[in-house]
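Per-chain numbering from 1; labels A, B, C and D assigned in written order.
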Amino acid sequence: MAVLVDKNTRVIVQGITGHQGSFHAGEMMKFGTNIVAGTSPGKGGTKFMDKVPIVDSVSEAMGFEPNATMISVAAPYVRDAAFEAIDQGIKLVYILTEHVPFHDTMEIVHEARLRGITVIGPNGPGITVPFDCKIGIMPNKIFKQGDVAVASRSGTLTYEIVDAITRSGMGESAVIGLGGDPVVGLTFIDVLKMFEADDRTKKIVLVGEIGGNNEELAAKYIKDHVKKKVVAYITGRSAPPGKRMGHAGAIIEKGVGTADSKIKAFNEAGVQVAEYPMDVPGLLR
Amino acid sequence: MAVLVDKNTRVIVQGITGHQGSFHAGEMMKFGTNIVAGTSPGKGGTKFMDKVPIVDSVSEAMGFEPNATMISVAAPYVRDAAFEAIDQGIKLVYILTEHVPFHDTMEIVHEARLRGITVIGPNGPGITVPFDCKIGIMPNKIFKQGDVAVASRSGTLTYEIVDAITRSGMGESAVIGLGGDPVVGLTFIDVLKMFEADDRTKKIVLVGEIGGNNEELAAKYIKDHVKKKVVAYITGRSAPPGKRMGHAGAIIEKGVGTADSKIKAFNEAGVQVAEYPMDVPGLLR
Amino acid sequence: MNLYEYMGKEIFRKYGIPVPDGYVVEQLTDVREYRKPVVVKSQILLGGRGKSGGIKFARSSEELKNGVKELLGSKIRGLTVTKVLVEDMINIKHEYYVSFALNRSERSPVLIASSSGGVEIESVPQNQIFTRKIDPLLGYSDYVGREASKFMNLDKNLSAQFRSILEKLYKVYEEEDCELVEINPLVETAEGNLIAADAKVIMDNDSMFRHKDIKITDPEKTPLELEAQSKGYSFIELDGQIGVIANGAGLTMATLDALTLHKGKPRNFLDLGGTDDVEIVVNAFDLVLKADPKAILVNIFGGVTKADTVANGIVAAKKRFKITKPIVVRLSGVHDDEGRQVLKENGIESFPTMMEAIERVVKLAGEA
Amino acid sequence: MNLYEYMGKEIFRKYGIPVPDGYVVEQLTDVREYRKPVVVKSQILLGGRGKSGGIKFARSSEELKNGVKELLGSKIRGLTVTKVLVEDMINIKHEYYVSFALNRSERSPVLIASSSGGVEIESVPQNQIFTRKIDPLLGYSDYVGREASKFMNLDKNLSAQFRSILEKLYKVYEEEDCELVEINPLVETAEGNLIAADAKVIMDNDSMFRHKDIKITDPEKTPLELEAQSKGYSFIELDGQIGVIANGAGLTMATLDALTLHKGKPRNFLDLGGTDDVEIVVNAFDLVLKADPKAILVNIFGGVTKADTVANGIVAAKKRFKITKPIVVRLSGVHDDEGRQVLKENGIESFPTMMEAIERVVKLAGEA
């Protein structure tokens, strides 16, 4: 298996008939993702795009032997949908939804961890392994198969950087959006372990932002454990303290988690930090 | 390691200064159990029997590197004590206390399971592996080292049967009291797996009682997976339906879990069921 | 701890589960003015009250008063009705069943639901019953209710009501430390609303330290059992002639089993528990004597409870209560020799094995 | 969502955490008869109110009225005081600190406690601060409080009170979906009681669908930010001259960063989010124009938000609001060619890369 997913990954979409769910399920199928079923309570028995069976519950969807799910339901219902997937033992749970209360996410993430289940998100663009499998909302066209693995706390900015990498002639082995919330399923350290173990991956890009100490911990981890080349970009340098920049995760708390502290930590770990997003490909060479 | 514990097991006693805790800690030490510390909030800094350090919390007790705990605190405080031990990652948690609300036990047992922690009890006599380690309240003098493993839902009755085995000239490889409550940490199937895998154990005795379907499930498991000789005794044959016989676990519900159903299940699995407790050694020959 | 229907419904109301309006009547003067059709329901802890005549329907002031008069103080299968619940009659369109109970082997709660309610759930065919294990850490969540709704063919409106009730019912189960919460029947009214027409709530006795507001005496217990409970003994009255005192629930049960196999009939179950106090033994005799057995068997395997302590207790009890009935004692385990010596000195028969003691006490009871 | 002290204390009271008796005053006529010494506290969301003169002590009817008069309507560090809390004065023997907050990297709540309260916790030496991760599945349990009590050297009586407060405070944290619950100072009174002299409660904005009873406007937000919030935009006013519209929080932040590195000063942060609706673009312009920037930069990487949709939105906004200020657009990603064509036809400058657009807008803003 590549990073977390591959061609054999069998995906369901919880909330496949919703506005977001249906659009992105279609895009994922175009990308090559094997969507085996979708759930939409009350709409069981119909088909999505004349092809993918729609069922009423994850319990029924288990008949299609999924091992990953994309949750695309409104924020108040995410806890229920995630618990439904965890209860059935689905091993990879990606939550697309934004504005999930972080107390719900804490419960989801801790339950999942103890059961050996990986949670991606919430409020991130998902995971893409070109061209094995995409679970999430990244634009299909920016990818090219290659050896650069990208992990990011941001969405659009990830696309910007992936696009720059692709345009520069390189390609991606895996791209994971951790999610922009204060509590998300994966840390940079979690994905660094995966990237380091992944044969396809030769170089690693981390896209961080202000808030929390995820980047600082990652820098320390890189120093001690990562042999592959790592490059970083940090956004939010110009953010005034205490102002909330859209991502709930990006609050500068009491001087911890500033852009400066993160850049310093990376530099100390021998990780070059790009000044502008488009400088990333240059640093990878 | 023998079944769950051995000479190297490092035990703490939560509530070591209580009436029960101190008495049984003393007995355990006489048996040879390696008690490395005891907790008693507010009494930290003193010693138990001039020997075992007393500390205020499990967190402090971790300095003595325990890997098992005996919880002997009053029922309303068991949940707190068990969570304290689970939070510190102690791998074997024995709960001596009776009258623990079963909703508390459900939480404790499920949390522990997910973390790879074994819970014995509540409301059972614990575990004894002669003469490596005893965690619990079984009388020291009834044991003899041997090859019979005993698992029981009852306390005193266990002693009666162990005593009979010892008097008959045989001895025990391990004795586990599952506990008499409706919800306990271990099932007969759990211990059958351990006994089957244990080199010292050649023969197995299960002491069941009315209520639940633990025995029926065990019988099926024995038929399919257990090669060692198994003998059983079931108590509560004469219990009138619906009467509560001291053990909350021993309610006959709606015709399920009667003594007859259990005896029948064992017989079908080729397990002989003793009519009287003292008949057990005879069946083992 | 089995709660009366009206108590269960009070809890349901507190948690927002719809129940019919009603009030409790303990004497005729409690009856309020008749306004609309009501049901008068005896508050006893037995299934099948209706069939036993414990429920009356009243469509007039006259019928209401007569119904209450008839039921209050009446006996239903041995139990005296001291309270009746007067409740608004509801227009039943359909009856469902729903409960949360404990699945012991899974160590988890289980949801049981069926479209076939209003009858004992055991009589409903398995394929009409939805059962679903609830992970106690995940708890009840809406997806479980959606699965149940689908199984039960509930339409959108009913499903929404049903799921809202399930969520609250699970809260009752969890927060009130219940062994069982059951609504049978859960009624769909002619107006399309779901309402709990009955309430069965069994709370975990061991949890009562968290629910000090709830104080009822278990009506299934005899006065002697209640006395024993208040004194901290695990004690059950049975209908035989041989009084039994043993230590440990398992050994006590095994003693009853062995007695029964020897054609002896136990008068009671009494578990001394783990004790080392002479007075606890003496008080145990007090209880057993009140049950007026023909002979008394004491079966002790000494451990925490030392055999000589029990022997001293027996001697003290014999003196204090001037017992003339035969007492047969089996002592084994810790300090058994010392104990048997004490008994011998006081002229009380004792044996080292359970079988000898049982044979002896059965014989003595038969002669008495 | 930052709650005022008096709101936090209402919640504390509901959960049984001891707080001083008090009442809120919005106008002089709300002041009640003076009975005993009180503290008059301005209700503003700033630390260090005391030092800024926002707290008055009143030991007479006169002082009470004067205190309220002085504070109501006064400005403290830019914020107008519209409410004051009049509260019984307490006899302070010692001040402690306690809070539950989120530890992001552990994805867990953390308990922070100290014997050195009444000051900003950042100023307390690390070795006087007790911190303990709470496993969100195990939740807070008494053993954590015992560990904290020991660290803080609380005697038995204080420890019991403290642990009872901790248990309730964690309930507030969990049930009210808080980012932070803080009591600073937690006062030990001369009488030996612990009482919450202040209350800082920050609720998770994303959880407000569960807390519909709580409705306050964030006083830290400017009127324009509040307008943006009501319209569903993530919008922050800054003090520069270049209006910014981008899509995605990360890209928007990166845009501000790049602008700043180019000596450009952003007037705002505006994240369009994932949208494909022309009107959302138009309304974004409305907000940015109200902030009166010297030039406007639009930075779009097309994905869910298609570049041509944004281009159409820009054209529509330009017409509707008759914009004469320079607009510089960067379009890339999905439908970027089509989008740039639309802009070109309407005389709006656009670039394929972020750097070109940033250099251009900084230049234009400098000239404006």
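To be clear about the criterion, a residue touches a chain if its C-beta (ideal position, glycine included) is under 8 Å from a C-beta of that chain, and two chains touch if they have at least 3 such contacts.
None of these values were measured; they are calculated from a predicted model.
Asker: If chain C were absent, into what connected groups would the remaining chains fall?
Answerer: Take away chain C: still one piece.
Asker: So using the touch definition from the top, which pair is joined by more C-beta contacts, A-D or B-D?
Answerer: Output for the comparison: A-D.
Asker: Which chain maximises the distance between its CA centroid and that of chain B?
Answerer: Most remote chain from chain B, centroid-wise, comes out as D.
Asker: Using CA atom averages as chain centres, what separation in Å is found between chain A and chain B?
Answerer: The computed centroid separation for chain A versus chain B comes out at 45 Å.
Asker: Can you give the whole-Å distance between the Cα centres of chain B and chain C?
Answerer: Distance between chain centres, rounded to whole Å: 27 Å.
Asker: Can you compute the centre-to-centre distance for chain B and chain D, using the mean CA position of each chain? Integer Å is fine.
Answerer: So the centre of chain B lies 53 Å away from the centre of chain D.
Asker: If you look at chain C, which of its residues touch at least two other chains?
Answerer: If we look for residues of chain C contacting two or more partner chains, we find 135, 137.
Asker: Using the touch rule from the top of the page, what residues of chain A touch 2 or more other chains?
Answerer: As it turns out, chain A has residues touching two or more other chains at 111, 114.
Asker: With chains as vertices joined when they touch, what's the shape: line, ring, star, complete or other?
Answerer: other
Asker: Identify every two-chain combination in which the chains touch.
Answerer: By the stated definition, chains touch in these pairs: A-B, A-C, A-D, B-C, B-D.
Asker: Give every residue of chain D touching chain A within the complex, in rising order.
Answerer: Residues 102, 104-105, 107-109, 122, 135-137, 174, 177, 179, 204-207, 209-210, 220, 234, 236, 238, 246-254, 256-261, 266, 269, 271, 274, 301-304, 332-334, 353-355 of chain D touch chain A in their complex.
Asker: Which chain B residues qualify as touching chain D in the complex?
Answerer: 41-42, 44, 56-59, 77, 79-81, 83-84, 86-87, 111
Asker: Using the touch rule from the top, collect the residues of chain D that touch chain B in their complex.
Answerer: Residue positions touching the partner: 135, 137-138, 141-143, 146-147, 150, 156.
Asker: Which residues of chain B touch chain C in their complex?
Answerer: Answer in residue numbers: 23, 75-76, 99-103, 105-107, 109-111, 114, 137-139, 141-142, 152-160, 163, 180, 182-184, 187, 207, 209-214, 217, 233, 235-240, 242-250, 254, 275-278.
Asker: So in the complex, the part of chain A that touches chain B is made up of which residues?
Answerer: For chain A paired with chain B, touching residues are 114-115.
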